[in-house]
Amino acid sequence: MTRSAAGYWIGFAVVLALLVVAPLVLPEFWRRFVTEILIWGLLAMSLDLLIGYTGMVSFGHSAFFGLGMYGAAAALLTVRPPNLWLAILYGLVGAGAVAVFVAYFSTRLRDIYFAITTLVFSQIFYVIIFTWTEVTGGENGLGFSQPAFAIPGVVSARFTPVTLHWFVLAVVTVSYLGLRRITQSPFGMVLQSIRENEPRTRAIGYHVERYKIVAVMLSGLFAGLAGVLYALQNKFAAPDFVFFLVSGEVVVFNVMGGMGTLVGPVAGAAFFFLLRELFSRFFTEYYLIPVGIIFTLMVIFVPQGLLGFLRRRLNQ
Amino acid sequence: MTIPFDLLLIQVINGIVTGMILALVASGLTLIFGIMDVVNFAHGELFMLGAYLGSTVFLTTGNFWLALGAAVMGIGLLGAVIQTTTLRPLLGRDPLTTILATFGLSLVLQNYALWQYGPVPRKINEPITGHFSLFYLEYPWYRLLVAVLSAAIIGGLWLFMKYGKYGIWIRATTQDRVMAAAMGIPVPLVHTVVFAIGAAMAAASGVLFGPLTGVNHAMGLDFILRAFIVVVVGGMGNLGGSILAAIFLSLLEAFASIWVSPAQAVIVSFVVLILTLLFRPTGLFVPTPK
Amino acid sequence: MTPDRLPEPGSPHGNGRGAVRSPILRTEGLTVRFGGLTALDNVTLAVPHGEIRAMIGPNGAGKSTFFNCVTGVLRPTSGRIVFDGEDITGLPPHRISQKAIARSYQITNILPGATVLENVRIAAQSRHHSWSLVRHHRAFVDVIDRARAVLDAVGLGDKEEELAANLSHGEQRHLEIGIALATEPKLLCLDEPTAGMSVSETRATVELIRQIATDLTILIVEHDMEVVMGLAHTITVLHYGEVVAEGTPAEIQANPRVQEVYLKT
Amino acid sequence: MAERWQGEPWAKDIWCSGKTTRRRFLGLSAATAGALGATMLVPAPWREAFGQAKPYKIGIMQPLTGVAAAGGKTALVGSMMAVDRINKAGGVNGRPLEAVIADYESKPDVGRRKVEKLLVEDKVDVAEGGYLSNVCLACMPVFDEHRTVFMVGVCLDTTITTTKCSRYVFRPFDYAPAQAVAFAHYLVNKMGKKWHIAYLDYAWGQSTRDAYVEQIKKLGGEVVGGTGIPLGTADMTPFLSKVSGNFDGFFGIFFGANAVVLATQAYDLGLTRKYKFAGDGAIAESTHLPALGHKIEGFVGINRYVPVLDPPLNTPHHRKFFDEAVAALKKIDPSGPLPDRYVQSNFEAMNFLKLGMQRSGFRGRDDTMKLIEALEGMDVKESDDFPQGDKTLRKEDHQAFLREFIFEIKDNKHRLVEVIPKEKTVVPPACTFSKA
Amino acid sequence: MLSVQNVHTYYGKSHILHGVSIDVGPGEVVGLLGRNGVGKSTTLKTIMGLVRPSEGTITFEGRSVAGAAPYHLARLGIAYVPEDRRIFRLLTVLENLRTGLDRPGVPPERRDALLAKVYGSFPVLRERRNQAGGTLSGGEQQMLAIARAMMLEPKIILLDEPTEGLMPRMVAQIHEIIDVLHGDGVAILLVEQNVRLTLEVSSRVYFMEKGVVRHHAPAADLRRNDAVIHQYLGV
């Protein structure tokens, strides 16, 4: 193992340990806040597979996130008693099905056209969910109860905020390791090759479209998983999460955190959430004005994102 | 199913009127994209601020035309400021960064409007109030005036672009920035002016639209997505295409609303957009260039 | 006219390796038109196994168009391309690559943000394990060995951890060739491999091409006449999309028509 | 389409000369940010010290930014008027009220997070506010979880006190079924038998439409058509153009900016002149009247509150409220709007809390059950605290019933047509609380 | 008048010009010959400010202009006719001309005179003045590109392979126009593949190879002795 790899794993262990301990030491609000950031971080991370690794900017991740959420809702509302694993399964199936559909059409297009196609697809799902009140609850969304953490014959316990945090942390960590491995696998290498130079990748014998479809699907599945976790934590699903502005925010997390690093988007999510939370405490009504100004300045002066910025600083 | 001819005709008129306003918003957007590769996410906010500025002037002077003129000038100036401070440093970077920067701006502008103008919706009175009967409806002349004015503004822009000295500069810059610079055209200035023109057009449509809907801080949001769709269907950066696409999509939605529910009518336009992108990615109304 | 009765133009000179071999690449009446412009006009030629074939001609003669047809970037308006006995006309680039035709580009076309090894590894991987999602790419030793072998062959063995973007221009051009080689091609198409190189870099590249040519067929487009004359077994001269001459370097140098084309006198 | 010039490597360097320098840019932005910051940091008048007593913390959640900001801001005015008034009068149980305001950006996920912040971090004793129904519904489980009373200031959705009701949530104002019951007889008997309903096509609009359809039918009327219009439709004319045929009245179910669009465009198309025009009072909210001008003339609506000083609203209580509200609204909107039902219901919601806290001897969140019991079935009389009139907070579903005002718009002003006593608005409860 | 000294230029990482030095005197026609890809076009782009040189100096009429914005150089009196012509395809012929004509400080009479002059030299452009630039033939596009540059009333024109892909009749016309420009006292830096034309119109010729100037000789000498030409250009 090289020195930098050892450094990486030490850093990973430290951050993980901090996150494990966090709910035990943080005040209750911040405990839940951290859990929520992890969930949004997973969503942002899933998008990084496309933006950072394949070079495709999706504005449709709200659809995968939302479908994961509604999938989980379907499981939790129809099956008695509510089953955690079924919720995850339904959520993944929901997000995956949508991802296949979206991927099939949108990957034929590139750049801004890909972005707009994904955005429009997510708006179609939004309109359907928003207006189909009988099934989706329409604007009011769906509320449901939290399932217990149960492995048949082993344990069965209700979630507390602390155990839920650990569960979310476990899922996000495993997802992170999974995504990291995917990006380091031969398949992930092909994705990065597409990002760097698509025609060249084609010319050395890769069927680029097929790789893109699989990338969108995988990304959609992880986004769906984030949706399931959100549903578990907050016990409701709402059409607002399918709205395109949510996708926009997730792109923002990626750009602010640093694309192509997997960790960066999580940092971006944390930064943006903290920024808004802290500013909202000082300027009750108009905090989005300074947030908007800071954000615009960051786009101009820190184009490589927080992580890229830090990395450059550390290297100096 | 019988075809309701009266409704059909009404919807043609509706489609054209809505389409012309949409075209006015979209042509500013597409102008900016075509020349600078900037996807201006704050366009809806410029539309909204234009309407607010118009309503303020209208409130003090009572003159619609003065309000229109003031909004156009004021927001045009604001556009120039935004371009020089925020977008000029981003020139040549990924268009994604311009989306994000203008997204940040839209946050600022929207909340500024809320702060400055307060929560109560404002009003701009239409300069003409009459109506004529159209089958079972009384149709307001003002809606037709809006269509005509939008057409006139777009036509004016077209004439300016076609014959004006700066119009030629702008078109030359659109086609080939580098060669335009080599021909002595001050490209950075052209960019600023174009953004100002785009902003002014958004403001003009905001004022024109004001009497139809009232003025509120969120009115940009309702418009911006549709304007983006129009720009894409028309071919990004293609002015003529945007106008045709705006009318086409508005007509389509108006017709669709005869037979299907309004929500489904919205989906129809989304589906058209996706089909357009898949089969004519450069837009519905331009021949695919080699 | 049926394809198999077509005369095979030119004679394969083997530069001392003389024997007549069957063609690995054949084009029959290849024509490409862009609107009113005919970029390639009825080009029929055959490249035998193991030959180094150069294509020369002034700007706009159709060399790049020919390349793009062979490598699947362009679909010919009419005509056929036969590779290794198989009709490959109009196949997409990735299928062409899988048929063992590789190309390098006129403008350096690598993965600038990846390391040198990664550039070559990704190409080598295109033949094996490319859909593996779960294992780390470093676990596929066969691919890495192949990549290292290629890097040694193109003289970049000691630079494998460098970012491709940080290489010198000459090294990038070699990497370019390395990427093509790593896909295990039977036919290697080189588009101006010495473009923008200094004199010494050019010499090194000529040496490199000569070395890798031992078990490959090479099709090369080049402007540097020294390179062409020193490397090619056979030269095809294109002008306005047509083949105006074909022969050994000596024959071409002596050809008055070619001089006319070149000096426009 | 612009030529893809970025593809050319040499194009990258070209545009250096016109760049804004970093320093100039920073200077500009710093100046702007400074100006903004200075104005925003002015302390709110209500955050004044109040003796030595430990204040009650009241969490107030409203959408102060985003699409619903307009409504949220007027609603907040109502809450803060009540808080100021209570504090001036010596607070509750000798302790002042401290308002902790949270803006939820018109988004349910933010709402949920802000409510958690109010309950967990700020440890508020009770909460008040709302506005967007979907956010109220999303947050209700949090109040359940933290066993804290939430007095809804504005949230229209019926299910809040029916199928999704909660022991911790109270709605001290009317809801659609009650309005429909109160309004239907006037619609059918005084305006016309046949109705066409236009509504916002989402949960609230749909459920309100259902309530009116049911009541109109019950009284022998008929609803001959319906037009759903998606939320956020900028130009409703294509949908409104379809409205034709043989009916007497055109009924609208809209609120906020959508209501302004509807009323304007229905007028423009002649619908509101050809047919009688009635609808949810939210269409002709006082804050909308300036924007609507003459286009809303003749509209008949029902509302829990109208800003008129005619009988029976010519009480000193109401005049006091009215004057105070006008002054407070002027501060957030220079155009000086009249108070609307959002100001009223938030004002009264806060006063319900006050009364409940007084009667139960509430000391903090541990006494929540006592507070709930005090509020359940609470009957209040018309007073300075409740300028709108008498009302009862029903025990079974925590839904209040109050008198309703049927009004007409004349000369761009509300004019009372009929007052429906609260007894005539009652609908049977449809709620079963889960075991608290 | 124009002096390029020891200029190095990179495209990203690749080093294209390895120290190029060229001088052009007032009203002088200077040829720049070399095979494809040796850096001739890059030299012109560097002078025009389209690429920023990393090293070296460029002075125009005594003023240092290395790294100046192209539109600034155009206003100073340097015009550029690129290899691929880059006419504005969607603009009409007249509009293409107006991009250079509509400068501040050109009185209407002067404009008319300039237009008349160009139309006199290229009658076909007058015929096609309302036709989109993209619809012209290759030769006509070349004429338009040169005419457009003339609209700037430049002191020097950088001409990049004006005869490339043209029919002999057109080549002759280009030759004529170069003579006319020369007669008007406009300096020309001509990059060409057509050796004969270059030798005929130029007073001096530079030969480039691999990013450097290898040889420099009066055109008259080269006309007498073509050994040098064969050395640098022949097969």
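A, B, C, D and E label the chains in the order they appear, each numbered from 1.
One rule holds for everything that comes next: a residue touches a chain if its C-beta (ideal position, glycine included) is under 8 Å from a C-beta of that chain, and two chains touch if they have at least 3 such contacts.
Please read these numbers as outputs of a predicted model, since none were measured by experiment.
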{"item": "Fewest touching-chain hops separating chain B from chain E", "value": "1"}
{"item": "Far-end chain from chain B, centres as C-alpha averages", "value": "C"}
{"item": "Furthest chain, CA centroid comparison against chain E", "value": "D"}
{"item": "Between chain C and chain E, centroid-to-centroid distance (C-alpha), Å", "value": "33"}
{"item": "Chain D and chain E: spacing of chain centres that average the CA atoms, whole Å", "value": "71"}
{"item": "Touching two or more other chains - residues of chain A", "value": "127, 130-131, 285-286, 288-289, 293, 300"}
{"item": "Multi-chain contact sites of chain B, meaning residues that touch two or more partners", "value": "89, 110-111, 114, 175-176, 178, 181, 187, 236, 261, 263, 266"}
{"item": "Multi-chain contact residues (two or more partners), chain E", "value": "12, 49-50, 69-70"}
{"item": "Touching residues on chain B, where the partner in the complex is chain D", "value": "7, 10-11, 14-15, 17-18, 21, 34-35, 37, 84-85, 88-89, 91-92, 110-111, 114, 117-123, 125, 131, 133, 136-140, 142-143, 174-178, 181, 187-188, 209, 211-219, 221-223, 226, 235-238, 250, 253-254, 257-258, 261-263, 265-266, 282, 289"}
{"item": "Residue numbers on chain C that touch chain A, as the complex places them", "value": "71, 73, 92-94, 97-98, 102-103, 105, 109-114, 118, 121-123, 125-127, 129-138, 140, 143, 179-180, 182-183"}
{"item": "Chain A contact footprint on chain B (complex, rising order)", "value": "39, 86, 89-90, 93, 95-97, 100-101, 103-108, 110-112, 114-115, 225, 228-229, 232, 236, 261, 263, 266-267, 270-271, 273-274, 277-278, 281"}
{"item": "Of chain C, residues touching chain E in the complex", "value": "56, 58-60, 108, 165-169, 172, 192, 195-199, 202, 223-225, 252-253, 258-259, 262-265"}
{"item": "Residue ranges of chain B in contact with chain E within the complex", "value": "165, 168-169, 171-172, 175-176, 178-187"}
